[in-house]
Amino acid sequence: MFVTNIIKEFYDCISGKRVLVLVHSDLDAICSGKILQALFRADHILYTLCPVLTLSDLLTAVKSHKEQISSIILINCGGTLDLVEFLELPPHIKVFLADTHRPLHVCNIYSDDQIRILGQLDDDEEVPAFGDVFRDDETSESEEEDEDGVSRISESRLEKQRERRLWEQKRNKLLFDYSQFSYFAGSTATLMFELAWKLSKDTSDLLWLAIVSLSGEQLCSIREQHKLALCAADLNTHVARLHHTNHTDTTEPAADTITFQKDVQLSLYRHWSLVESMRHSPLTATSLKLWTHKGEKKMFELLAELGLPLTECRQLFCGMDVKLRSELPTLLEGKADKYGLGGLVTPSFSRSHVFHSRCSASDFAHAALALLEPPSTDGLSMSHAFLDASDCLNGSTVFAKGIASARKQLEAVYRQMQTFLDMNQVISAGPFLYATVLQGSPLAAFMSGPHVLGALGRFTLGAHVSASRNKKARSLPLVLTTPDSSQPQDWCLVCGIPPLADTSHRNFFGKAFEQAVSKTQSRAQLEFFDSHVIRLHVEDRSKFFDALISLLS
Amino acid sequence: MKMADITDDILSASDDDESQVVTAAEVLLKIESLWRTERLSPTLECHQSELVDCMLDQITQMNNNLRRCKKTDLRLAIHRMELERVRYVVASYLRCRLLKIERFTHYLLEKHGELDDPSLALLSPQELDYAKSYAQSIESHFNKLVLRHITHEKLAEFDAKKMSVVPNMNGYVFLKVLKDSPGVLISDQVGENADEEVDLVAGDQHLMMYSSIQELLKSGHVELI
Amino acid sequence: MLGDKAFSLIQELDRSQHGTLPPFNEDAVRQALEEIDSLFQQNVADINHLAEDDALVAGIHLRHAALERNKRCLLAYLYNRLERLRTMRWQLGSVLPSDVRTNLCEPELEWFAQYSSTVARYMRSLGDGQGLDLTVDLKPPKNLYIEVRCLQDYGEFELEEGEVVLLSKDSTHFLPMEHCQHLIRQGVLQHVK
Amino acid sequence: MANFYTSYYPNYFSVEDILASQDRVPCKFEVTVKGLGYLDASSGNEDILPGSKIELPCWMARPLCSSKRLPIVSAQLPVNYRERYREILSADACVVDLQKLGPHFYELGLHLLPITSAPDRPRLAALLTQVLRDRLRPIMDDAQHCSADETSQKIAKLDRLEIRLFRGGQESVRDRERWLDRTAHLLSMAPLLAASNARHKRKRQDS
């Protein structure tokens, strides 16, 4: 069931008890978890928090803790499963679910009380009606027994069976339509921040977490642009409100300010040189085709036209002329359209502390995402990476480490994308394109998780489309495979990226992979909550792909 | 102190002559001051185990009372926090004393033995027991491994006088004057007969040798800061 | 030079890392004791001849200084080793890690056991026999409840009133400070900001 | 609290004091010492003859100098405390490498005071205090400002007493940083355990 009063039906229910919080290993979930932790700290609510990445992580965590706990909070995991059945939940355990993964399983939505879903459905989301998917079979059967005449019974029974078959067909169709596409709803961190606000415990630190999470969604482009823009505007009203109440005295500079203003959308440019940052940002790289000589020349042209000396652009941004730095957004905005760089300068959040240089929310998102999926050569466990990413959001030394890893990751993604294009490794399979990261390549170590795979996939697809003469390219999705870091000999990860032309950000690969696997009996693990990524045994790759092609044709 | 909010219990701590009535809040204030002094003084100060025992007793009682409260009551958290703080002060105070007792064991045992007045005793009965056991364990250890292997009778002795570690009474301490104390003698350490007399005025702060103000500290004319 | 063997024990202590205990150097202790014995025998002999030869006095003095020095070095060696054991009792508890135990001699093990029980007896006797654990509460408490991270798979841990928490590696918990202190000291939990 | 850790004098068990009193002092024997010629290996005599000059460890020199009846030896100041070094030290104490000159420059100095000849005594006392006073400020400065990797270079020329001061300074800087960072209240693992874990880790990395 959906919770309508989040304080009464959620927060009040858990106060005074110890709760288990299971947090999916993604940026939004981490931010949400941190907001919850801050609330729990303030209200002395004892908790245990564990990260989960896969379905089996979730199952193990619940199994090992369920003896000692009566409330479980799931953040960004589990919403797409029938939780009561999957987790074998005893009736005394209540689950509070806050998940951006869609579609939510109908059993969770129509659970009486045991599963409580925080948040609401978007206006454009539709859920099959209760009567269309659930049917009280027992009562109908008992009715049958009350009947007398034999012939009438069989007649009515036939009638009923026929009706039932129809109903089931309709039901299956409804459910298939409902679950065909996987997509993401609004950020959980925003939901949690609103909870904090309702509890009058909203601070700029918590707001910043919600902002970083939103910025992460933008980077991963998992939602429609206009929805993100609306969310940003919402958060900006909170910024204004918090600053207004905190700083009545305007003469003194605020120690900690969040601003929402026009900024250049270049990856990590505050911690890099302008040239490098442009090269590694998907927007500039794909529009200018920076992996070609011509593209590079074009970039220098652009910089020259802006009046930025190349020597300045090649050194770290913080070393650039102060005047150039402050004028950069205006300069770039003026020329963006001429070079086909629409959207290069858009309003975005940044934060400045006294004695610290300004950081944008996307810097934090980049850093945390990179720490979340460290190169497999580092040998860190998922939970360790989770804690690193979580610490990185507090600023401090871990943040610096995160920025360094983010740069390395962006470089690896860029080089891999360039390899794909240079070697013509993006191949058309008919209904979709595919590309494979070769086993043994030093870059393979970096492609270790769903986020980075998504980033690589979108970058590759964008570059491919911009380089390809084929008009159809924009409407083709991409399937990316990469050796799985834990057992690169035997297993690979397969990731599906929707076509560029599709702006709804709905991904049909989850369902398609599932069907292809079951059709071919491939050895595969559909373990991720992000269902468009699966683990597949390498020997079954070709038959899996054949099935996928025939499915999607 | 907030202890007073928690309980209005009035308890008695026996002073040397007459039985005085003290509130828990006053006891806490006293212990905090003892704690400060103990941490700043180069030597061991007189023990006050009655106060400590009384405070510990209070903690236990309060904990029992709090156990009956509702878990989400805000007051509960505040009271418990206060108790934890008190427990920390007591523990830190006793730890600090143990450290000194272990370092200056033989010296303190000797000093303790010299004092007749039980109200000025350096060591509490438990501390005395601790110090004796510690001294004995070290002596017997020395004996087992070294001393009994030495034939020279005199050399084979554990010479407490020579070996005991003595606190540095000439160490300097910061102090604040609580009551006017005229004519405090500052003896000259170099031995050039340049002794000095100073008048300490209430409210003043000084840096002085511990030995010159030890008596004033005992009588409560000054406090260490 | 006289006293060098005994002095080497002190050097050994000085060179060993702070907080570690080198193996008990029985050889050097024995050799220093032998030197003491031989110096003493010579002095006894010389004293007996003192009446005949006044010039022996200087040698007796010199040897005596060496005797005292040897004794001081030996006892300081023992004492400082005990001091390190003492620190271990307070930081690691009454059970010594095996790599420390192997470096101790029998009397040192006995001493540790005795010291350990002296400390325990004292702590139990506090507050009219209610007891007070002095090995915790090392820092002024700031919060009743603290956030901790679990650094190893520890298993189940019982809080007050029978509540049980499962401590698994890399999980984060919010628990009463009072109950976590020992596990933090033992390195099972890490207190985070 | 700090002062009662560092105050070791007269601590019979003090490792520092034992180390300092091992340093050699040039001595001249005033009387014959029978049967101990082996202390002066170069002479080859059975006895030590009056007038022989031997460098004795401080712990031996001290009682022999102050022997009640007649001093058995007369001690001289070690060369580091004599005129030439005194001049260098008064010119600029901060540039002198006391690690080489000592490294128990102050401790040994204190031991030497009672066996120094009367005219030299006040000069030696003044020298000790003056040197420490001159060097203290730069040491404090370094302790507060030098980074972790500069430390070993900074303490390379310090006396052991000075190194203790330096470490103390560094520790208090770290404490202050923790306080500013609001991490001072965080409970920590037992220091011995943390050190032993770090050692194990290093060992694993080496192998």
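So that you can tell them apart, the chains are marked A, B, C and D in the order they are listed, and the count of residues begins at 1 in each.
Operating definition for what follows: a contact is a pair of C-beta atoms (placed from the backbone, for glycine too) under 8 Å apart; a residue touches a chain by one contact, two chains touch by 3 or more.
Just so you know, these numbers come straight off a predicted model, no measurement behind them.
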Where centres are the averaged C-alpha coordinates, which chain has the largest centre distance to chain C? A
Of the chains shown, whose Cα centre falls closest to the middle of all protein Cα atoms? C
Contact-pair count is greater, between A-C and B-D, for A-C
Per the C-alpha centroid definition, the whole-Å distance linking chain B and chain D comes out as 33
Approximately how many whole Å separate the CA-defined centres of chain A and chain C? 54
In angstrom, rounded to a whole number, how far apart do the mean CA points of chain C and chain D lie? 25
Chain A, residues touching no fewer than two other chains: 44
Show the residues in chain B shared as contacts by 2 or more other chains, in ascending order. 77, 163
Going through chain D residue by residue, note those that touch at least 2 other chains and give them in order. 12-13
Chain D residues within the chain C interface of the complex: 12-15, 18-19, 22, 31-36, 39, 57, 59-60, 63-64, 67, 69, 72, 182-197, 199
Interfacial residue positions of chain B with respect to chain D in the complex: 39-40, 42, 96, 100, 103, 162-168, 171-172
Interfacial residue positions of chain C with respect to chain D in the complex: 1-3, 7, 10-11, 13-14, 17-20, 42, 46, 53, 55-59, 61-66, 69, 72-73, 75-76, 79-80, 87-88, 91-92, 97, 138-142, 146, 177, 180-181, 184-187, 190-193
Note which residues of chain C are touching chain B in the complex, please. 29, 33, 36-37, 40, 67-68, 71, 74-75, 78-79, 82, 86, 105, 107-108, 110-111, 114-115, 118, 121-122, 125-128, 130, 132-134, 136-137, 139-141, 143-144, 177-178
Note which residues of chain D are touching chain B in the complex, please. 1, 3-4, 7, 9-13
